[in-house]
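Please find the structures below.
Here come two complexes built around subunit A, the first alongside subunit B, the second alongside subunit C.
Our next item is the complex of A and B:
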């Protein structure tokens, strides 16, 4: 047995990779290929029988599904705002936490904590804040500006979704940025100060270029994650008011489970989502990679 | 010069304080108000409860079988993460050590799916799961998690193995150790740092996952903690004192784990991102 394995490296390779390869093929590869195939059919969750319909699902999504187009642009708007906001907050928290001598780990522990909760659970906590706490604070204290239709109007609901997303995700990025900041050589920073650079200039011209790899990773993570946002919308607004906060993932979920169980059509929409994520992240990584400098 | 530095430091402290309040207050308010009656909550949500009303918890605990949900979540997480670690350490090690086109092709096959959103496979996965009778079983659901989780873990192991010198395993094989034995005795102990990172990332993913249990665990008996919170929320739509108690109860395990291991968790997250 040992001898055959050693003399035939491909056999031992297969033996070591078999368990992973088997489960990966059954639960990810085949469903992916199946998904591509079914996106060209009128497959429906209710019936076994289905027909091949060519590109008509894709045509329908772009030509006559105004609700899908709306969710597409709504998600894009969310992605642009949240990628900037999340990274700005994450990096600022990292700089602030790193500037402390004491209590450094206390703050780090606190800001990362939301990542331990299920997104769904923490969104329900926020739902309590928006529906009960903030209205009461506006009524009974001097904080009258808190009297907002937090979930009731579409523009405020967007703000609420952003608040929950930042709360949920900024600590994760902060941890990565802290690790990057600790990797910036001390002597480089001191040299900049001796040369008379203000803290702001030092940060922009010395620190920022050095942590470019971390920025690439963090922007990639937020881009990839924010396109798939689902739980926050599902638990906070349910897509409402109306369908004004419906993101792509929620639209797909509704199409597949809540409306007509049109699995084939819903899968075609998810393939569109996949292509968008693929193109944007590939462009992002290749653009940002060029800006990285050697330490 | 000195006064301006003092001002900057003061500003930084104020900003930190504001951020701390923002990050703490939803959790703190949830905890406080889970110990109040509806009437007290109506009077003031921000006041500390005068007497601690544990009866919300008592009521919730008689209504649901939370230990059963805890057990389900624990079993699913344990089997999934254990399976991911075993399968991917074997595969990642071997793929990293075997040169050639075949090995490169398999590695590429694993990586090719990393960006695919869950929604693209969701409907065909349901079909596959019902054919294999996975729906509703906490012991079989981990198979799906392993299938979905191995690609990233293999990617991390693949990179890590490159830093381990080959001499160790060569000498072990000279001594007559089989390949599997060499892996278990020599290689796996050296993989502990990256294994910790993978375990942390995957425990957080599986334990807190919402979508896959939602579509796969169709009977009440197999519900995880997150699903319990979700059904409870839809049943008691506006009775916040009950909902908040269930939210606190379901979050308790992760908070305890976090307080005990936060150093490793934070380090693991940073390592995972930098190596990934």
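Our next item is the complex of A and C:
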């Protein structure tokens, strides 16, 4: 009798989460496990027969795939810069919007709008801007510094990708930071001002610790998302010129669908990506969680 | 109290663990089991096919067709299939209905082939997909079918893999570069037959402030085609055994580089439009159609798009010269879309009838004209476009070579490295090394 009393809450929990759990299992969990299985084979997505090759896909990815290693480091470079840049821009925009007396929601909407467009479509729009609008502007006005090979050289292509990514993502982070800023108690801020703190010190020592949970979430989102960047590269540069802007997701896509159709090998590489993201985000969340402060 | 809680907790934990374990095992079994399942459906298809061959021919047949990337021809295929159904009814008394799928993504066909649920009739790219599909056992042997005798010899060899004819060629091209006839006429230019003549054409154009070449290098296929045309022409005339040795892993592009592969490549790259790495395909075609450059190194498959952008455009086809020997100035003869039947289809007899009907003596010419395809068979009378006529002249005078399949990775490397070479990121030797490496890797994977 006591046992059924205890098991009932468990059953009702399961009943509520069952639909979501079912969808998650069928569309995410089982394909992932299937993927893990295929990563140990040399299937090419087309033939009926394939061989079990064990860990050789994983070994090959690190030992003899120089382009994979290049795209790993290139993506890492991109991730480091974008995490810092996007969060800095998002936070500055949040502070600016919060500091306004009037028209707060107008600016909030304006800055959030880039995030509402489909990534692929807005990147195509940027592609047009980089190839046609900016060179014309550079020619016809005094803004000569705009005359760069925006998508033509690997170094400028990196800048272009950063530009488009920050433009798209900063609005989303800004909204989270605005919510967090609104949660900082006024009396603490006023106490700091009365005690003679400059705005800079007030921001660093009072506001920042209070919004740490938001920073944890935002850095986690940016880390997680930026490792998987694909559409911006696909639409803007196509991995070019040459292979210079090939990020990991693009490398995996080409391996599985374009080059020799090596589904098994590409799945192994995506498992490696999954493990890398897992390790980094777990470390990041646990480190930042320790710095959170309760009001 | 403590003892009671502890008991309940363990029971819940055990149940959760059992459920999770069951889910994982089920998933693992389903993933492993799929390999063996594939034998099932194809086995049953085989049984019904052999069964139907022994029994009476079926009275009612439903054909499943999957023609990737041919969505723009839906009406034409619908009409032709209806004509075929009428013919089958009249000749053999079989009622034919059909289910026509026109997906734009090639992966759909691959999934259906791999899972054993293949369509009766499907289309594929003779050069890109042909070798792979053949290795997977997905292509039939149609060498004894009536349509084979009607095919033009050179075109037949493109759809012959391992000595057997594997499908009906539909789209064929002789291609090299396109040029603007109006610009050429305005400055009295003739289509160059040697590299020196090409240099003179370039000089004349530059003197009159016309950009000689349209470069649309954002899509790596374009720089890849330039390199491909150059080295294939050199291999065809000067190193005839290069392809065999390369596909055994015993040759290198360096041999072709020594014979002057980069001469025409450098000429084109140095005399082109500005900012090519930022000009995409659509952009490049539209600008070429509006007269911003005189020549564009690409295939005649874009003729439609160019004419849509500028219906008054006078399109010409020229063969790219690679050196001063006029016999090396050739066009590339290629076949892309090929239609074939699935070897284990239960409706193979009727499907093969349709393949033969595609080159029917009476109706085929009208059909190919509607599709704006070039003729592939001797019995076809198709009004050719002016640029197709020029292509045919090159072929008939012996100035052509057959397109050979390049392994997918090597093809991608060719395009990407040509892009990087143009951007100054790699030297000629580095570019060749990368392509050689990708080629060898592809050969490894195919073993």
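Methods note: the second predicted complex is superposed on the first by the 272 of 295 C-alpha atoms of A that agree within 3 Å, B and C clash if a C-alpha of one lies under 4 Å from a C-alpha of the other, contacts with A are read in each partner's own complex, and residues count from 1 in each chain.
Here is the rule we go by: a residue touches a chain if its C-beta (ideal position, glycine included) is under 8 Å from a C-beta of that chain, and two chains touch if they have at least 3 such contacts.
Predicted model only: the values in this text are computed from it and were never measured.
Novice: With both structures fitted on chain A, tell me whether subunit B or subunit C touches more of subunit A's residues.
Specialist: Touching more residues of subunit A than the other partner does is B.
Novice: Quick one: is A:259 in contact with subunit B, with subunit C, with both, or with neither? Answer first, second, both or neither.
Specialist: A:259: touches subunit C, not subunit B.
Novice: Touching A:140, do we find subunit B (first), subunit C (second), both, or neither?
Specialist: A:140: touches subunit B, not subunit C.
Novice: Have a look at where A:117 lands relative to subunit B and subunit C in the superposition and call it first, second, both or neither.
Specialist: First partner only, subunit B.
Novice: Touch check for A:48: first (subunit B), second (subunit C), both, or neither?
Specialist: The answer is second: A:48 touches subunit C but not subunit B.
Novice: Tell me which partner A:10 touches in the superposition: subunit B (first), subunit C (second), both or neither.
Specialist: It touches subunit B and subunit C both.
Novice: Is A:238 touching anything from subunit B or subunit C once the two structures are fitted on A? First, second, both or neither.
Specialist: second
Novice: For A:28, select first, second, both or neither according to whether it touches subunit B, subunit C, the two together, or no partner.
Specialist: In the superposition, A:28 touches subunit B alone.
Novice: Considering only touches as defined above, state whether A:154 meets subunit B (first), subunit C (second), both or neither.
Specialist: Touch partner of A:154: subunit C, not subunit B.
Novice: Looking at subunit A, which of its residues have contacts with both subunit B and subunit C?
Specialist: Correct list for subunit A: 2, 6, 10, 25, 29-30, 34, 38, 45.
Novice: Give the list of subunit A residues in touch with subunit B in this complex.
Specialist: Residues 1-2, 5-6, 9-10, 12-13, 16-17, 19-21, 23-32, 34-35, 38, 43, 45, 92-93, 96-97, 99-100, 105, 107-122, 124-126, 128-129, 132-133, 136-137, 140, 167, 171-172, 175-176, 178-180, 199, 214, 217-218, 221, 224, 227-228, 230-231, 235, 249, 252-253, 256, 263, 266-267, 270-271, 273-274, 277-278, 281 of subunit A touch subunit B in their complex.
Novice: Over in the complex, which subunit C residues touch subunit A? Could you list them?
Specialist: Residues of subunit C touching subunit A: 4, 7-8, 11-12, 15, 23-24, 27-28, 30-32, 35, 38-39, 42, 107, 110-111, 113-114, 116, 132-133, 135-138, 217-220, 275, 277-280, 283, 407-409, 412, 416-417, 419-420, 422-423, 425-426, 438, 441-442, 445-446.
Novice: Could you pull out which subunit A residues touch subunit C in their complex?
Specialist: Residue list for subunit A touching subunit C: 2-3, 6-7, 10, 25, 29-30, 33-34, 37-38, 42, 44-48, 50, 127, 130-131, 135, 149-154, 237-244, 254, 257-262.
Novice: Name, in rising order, each residue of subunit B that touches subunit A in their complex.
Specialist: So the residues of subunit B touching subunit A come out as 8-9, 12, 15-16, 19-20, 22-27, 29-30, 33, 41, 44-46, 83, 86-88, 90-91, 93-95, 98, 100, 102-103, 106, 109-110, 113, 115-125, 127-128, 132, 143-144, 146-148, 150-151, 154, 178-179, 183, 204, 207-211, 225-226, 229-230, 233, 240, 243-244, 247, 250-251, 254-255, 257-258, 262-263, 265-266, 269-270, 273-274, 276.
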